[in-house]
Amino acid sequence: MPTPIAILGASGYAGGELIRLVDAHPLLDAVYLGARRKAGERLGNVHPQLDGRDRILESLDVDRVVASGAALVFLALPHGASAGPGVELASRGLRVIDLGSDFRLDTPERYLTAYGTAHPHPEQLGEWAYGIPELFAEDIMAGDRVAVPGCYPTSGALALAPLVADGLIEERGIVVDSLSGVSGAGRGVSEGLQFGVIDESVKAYKVLEHRHQPEMERVLDAVGGAPAQVLFTPHLVPMQRGLLSTCYARAAWDLSPADLERSLAATYRDAPFVDLIEVPPETRWVVGSNRCLIWVGLDHRSGTVVVISAIDNLLKGAAGQAVQCANLVLGFPEETGLPTTGWMP
Amino acid sequence: MPTPIAILGASGYAGGELIRLVDAHPLLDAVYLGARRKAGERLGNVHPQLDGRDRILESLDVDRVVASGAALVFLALPHGASAGPGVELASRGLRVIDLGSDFRLDTPERYLTAYGTAHPHPEQLGEWAYGIPELFAEDIMAGDRVAVPGCYPTSGALALAPLVADGLIEERGIVVDSLSGVSGAGRGVSEGLQFGVIDESVKAYKVLEHRHQPEMERVLDAVGGAPAQVLFTPHLVPMQRGLLSTCYARAAWDLSPADLERSLAATYRDAPFVDLIEVPPETRWVVGSNRCLIWVGLDHRSGTVVVISAIDNLLKGAAGQAVQCANLVLGFPEETGLPTTGWMP
Amino acid sequence: MPTPIAILGASGYAGGELIRLVDAHPLLDAVYLGARRKAGERLGNVHPQLDGRDRILESLDVDRVVASGAALVFLALPHGASAGPGVELASRGLRVIDLGSDFRLDTPERYLTAYGTAHPHPEQLGEWAYGIPELFAEDIMAGDRVAVPGCYPTSGALALAPLVADGLIEERGIVVDSLSGVSGAGRGVSEGLQFGVIDESVKAYKVLEHRHQPEMERVLDAVGGAPAQVLFTPHLVPMQRGLLSTCYARAAWDLSPADLERSLAATYRDAPFVDLIEVPPETRWVVGSNRCLIWVGLDHRSGTVVVISAIDNLLKGAAGQAVQCANLVLGFPEETGLPTTGWMP
Amino acid sequence: MPTPIAILGASGYAGGELIRLVDAHPLLDAVYLGARRKAGERLGNVHPQLDGRDRILESLDVDRVVASGAALVFLALPHGASAGPGVELASRGLRVIDLGSDFRLDTPERYLTAYGTAHPHPEQLGEWAYGIPELFAEDIMAGDRVAVPGCYPTSGALALAPLVADGLIEERGIVVDSLSGVSGAGRGVSEGLQFGVIDESVKAYKVLEHRHQPEMERVLDAVGGAPAQVLFTPHLVPMQRGLLSTCYARAAWDLSPADLERSLAATYRDAPFVDLIEVPPETRWVVGSNRCLIWVGLDHRSGTVVVISAIDNLLKGAAGQAVQCANLVLGFPEETGLPTTGWMP
């Protein structure tokens, strides 16, 4: 019998992808779909791409979620909105997979620096597993609460963490330069996301101040041992989905490209969704799948390591990775119900 | 045990989608993938979005297809390339689902008019079922050869056939004005399909001379009884997938919108993939699924019926419909292995 | 010495293009730029593409416009916002070129039907010249008030008016099926104009109820003599600029394509911006210029005339045509300061 | 009387923009348009966006160019095709502005490293001025031959050269990470530039091996004195025009953002096309103009300087800069005939 699950924040892009994935998942059954402003509406009105004629979006009320019988809940809520329900749902015995940013950082200090406010439940920080199964599977399986990382940290961490862990690159002076499709900004309405602003233009944004920078450092700290220092520059490009990170780091010693490839290949040998490939990836190759493709190279002249990774920001960067974490938490094979195949064009 | 199938023409867009669908299909197993120019290459090189590290594209050789044990073969070949292998494979006992245009027309005369050359196997015309399951399920199930229609005729026929069959619109004076994503033109390389030409521009093409016009008339003739006359104008719009047809026809008598809705709703009552909806559809609502969404309205002043339909040209307009036909030919439920849910954005 | 002019509604897309055109115009000088919500802001903040470091947007106050010394004012305001200032500015001796919809219809009845409310200055309707210089140059030159048409009516009228005037097509049963870039919807922020909604999708909108339908009928009535009946279907396509109209009409008698071409060629013989061409136009060919390209064909079987026209919706469909009208009103050659050359890609 | 000029390579994107700019230029007159494969065709067929009904493309024959009376010739030819005609035209007394890559590098050694072949006229290297007027105006004005830089080096050099020249950043360890619209790849037809490949995807290409890397080093060497070392990563993004470079360099000492801003502001104080701005630029702000917008910031933690520059790759990155150079060579004000205003959206 499939495990009953709930999704709170069902009306956004990540929520829609969660519903699509769970509907196709052989071992999960969505018994409760909650939304804030769209509560009471038919799913088919909110997500016309889904088969939603007979399903109604419920509220975000925690009691109702518990009453639904859900054993696990996905939270796909805006920043700051997960902390309260996340803690309460966990305390009432549900497994919680949070796609938001509330539990991703590991210390109150780092949270304060990144978000400018004190965390409402500082004792919880560090209690939530950081949801990149390829790097932290044991943590995820050991607990009942997972903070799924943002799309940028996922792409950066998968590219860099093995090299940091193996001591091949310096932890300081790392640059992560990322290009993201617009769905990464969510489904909210704003002037900056109008077609007239986005189409046929690119820009860097939140330069030197994006909140995912400390999150990347937190991951690299965890695998490396020494404090990492990342300069992160996100760019918005005119496409719906896809995220490409071009990462630069100083080689720790006079190493060869083969050293780099060996580290990445070994780390992901048994990972069903992460592949080291021989040419720099295009985002289209991963759109629609839960895969991450990685290429690594070395600039001999300057001793700079270049790693490029590509993911679908809504799948491996959000909903897909969340389901992958849920699979681990529930004891299923991690690839259950997740696409290894994308669509093209 | 799944039925072994072959796909010839595996390197194009429709071929790629066929592979993706068949790989996810519980009752089909792709045992042979054939291509012409890409024969010998790794599937993963040709379709990086697929899981293709260990699969090699074979040739189009009919003997090898037969030897593979395939019980059914999908042909996704260019115009004119299906006729030969299609007839031979059928004669050797394989079921044949042809996504090409070679067997779609019902008479040698119509073929000559549409394509300007005589058909190489005129006796076959009319022997192949026309592969729109919602309209011709009995034909499809009764035989072993199916000509899957083009994307434009699928969208036009699903919109108009019920109204013609029920005598609600005149067969003459029909206009089908369609907007197609660029993948409908296939994966071949040409100046007209360069990004620099397509992006940020629209155009009508093959005005008054597109080959899908006689195909539309052939379908409407089949359901209506009287000779239909369609003026078809395709437009190319800057997007990958999606096809929207806005159809205009004269109301046959002083009817009401409810008459129109009743006809369409009744025809598609049990169709898992076709829905009449209350607002004009957007193509994004169907991209990624095998669905067709239809809206109908009436201009009272002029007595003109307006029907708008939306499909994913590579799924309901090609690979998805082909699998739907294969399901019927093989006696499976028609929706087996096919998505009723798309992706957005 | 250049003529001083004012632009009210300077912050929108049409306003921005007006500023760009006027800045490059040898005989016009923008002395007053007014805006509502953006009043007080630097032009360079509102239109970063313009050279606007030292120019400040003023208010919409009529007294200030008059005090600026402007001899002519362009109004690029939302629907309903032109009527008041338009009438007052005209009464105070300024020439008024209104890009809005307030004075485009010719009778209070037609206005009421189109907009659902009574016109605040019904006596003005019919007093404003309809600003398509190729069709109504005498009216425009004779007066001091011009209502510049919408982008859709411009494209439809330029395609159809000569054929109606010459009695080559029937006035009833006309279909105008148009594809528009998103800038036609203006610069306002809305959910329906978000990149996530528009990109990679097409839709028809306001089917059977768009306000430009009566405006098209008003133009064709004016040139034809008999009441015209137009069914207009606008579609939104994922591009910034460009408008393509595919028009269908019944041939009035058993005419030939040459009859149609002769009518259009004769009408536009001396028009610097309108050309009849031999292949259906692509919108990219006109983007950036004030041109309109037209192709005409005949479906012999059904006796249907097909006319396709392409314009840049912000230039010939808005700001360019407005400047062209201003040139006539001020006694300049109509092409003064206007581009006959676009940009590509 | 305008100066007669010739354009060789008139059929490409840069050639088309040159024609558009020259046609609008008050002091230049295009008397000869030459092309290779398109020789003999009407300009209007090759560039439908231009007013080209009565102009025919000529051959690339040098004698015919000389006979045309042109005093200056723009070469917009593929790599390797400029060297021969460039040297010959110069020897026959014409001024030559080469948009190609043949004369951009300053030594035979650097050319060999970049292009893998010996230069056919090694004695010419270093004789051609490097055509960035903001940095090398004296060289350009002093001679009669200009090598206009590529779009990437233009954007990188304008961002970095002042900081190198003023000793604010280290010459080694520089990273230039660029995003380019597709028109930068030219108008040639290839599989990699099909809409189906480009749209909705991004990729890095020629990683660690792009030919513009040595060109960037050549410029920074010239302004800095010490050998520069640049790691350059170009990315292709789904848009027609626009180029954004995000550059990273190590601060040479414990400097402040104001130091950086002062250097850039001082260098470009009198430059009509280059502006330092307070927020990171979007490419849309410069598309259609000859402008370059620059933003600079400092990551205090790592001592990394971040400079972001935006240009229109076909204007400031090609045709616009070429005309700017021609203006200097001919003794005109450098901004003559060039747009400081772009179009949006």
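As written, the chain order gives the labels A, B, C and D, with residue 1 at the start of each chain.
The working rule: contacts are C-beta pairs under 8 Å (C-beta built on N, C-alpha and C of every residue); 3 or more make two chains touch, one makes a residue touch a chain.
Small disclaimer: the values here were computed from a predicted structure and weren't measured.
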Chain C turns onto chain D (C-alpha superposition, degrees, nearest 5) by 180
Between A-D and B-D, more contacting C-beta pairs sit at A-D
Greatest Cα-centre separation from chain A belongs to chain C
Between chain C and chain D, the Cα-mean centres are separated in Å by 37
Separation of the C-alpha centres, chain B versus chain D, in whole Å, is 47
Whole-Å distance, C-alpha centre of chain A to that of chain D, is 39
Chain A touches at least 2 other chains through residues 13, 182-183, 196-197, 199-200, 238-241, 282, 284, 287, 345
The residues of chain C that touch chain A in their complex are 13, 182-183, 187, 189-191, 193-200, 238-240
Per the touch rule above, chain D residues touching chain C in the complex are 13, 16-17, 20, 23-24, 47-51, 182-183, 200, 240-241, 281-282, 284-289, 340-345
Seen from chain B, its contact residues with chain C in the complex are 172-173, 175, 177, 179, 181, 196-197, 199-205, 207-208, 229, 231, 233, 235, 237-242, 244, 246, 248, 280-284, 287, 295, 297-299, 301-302, 304, 306, 308, 345
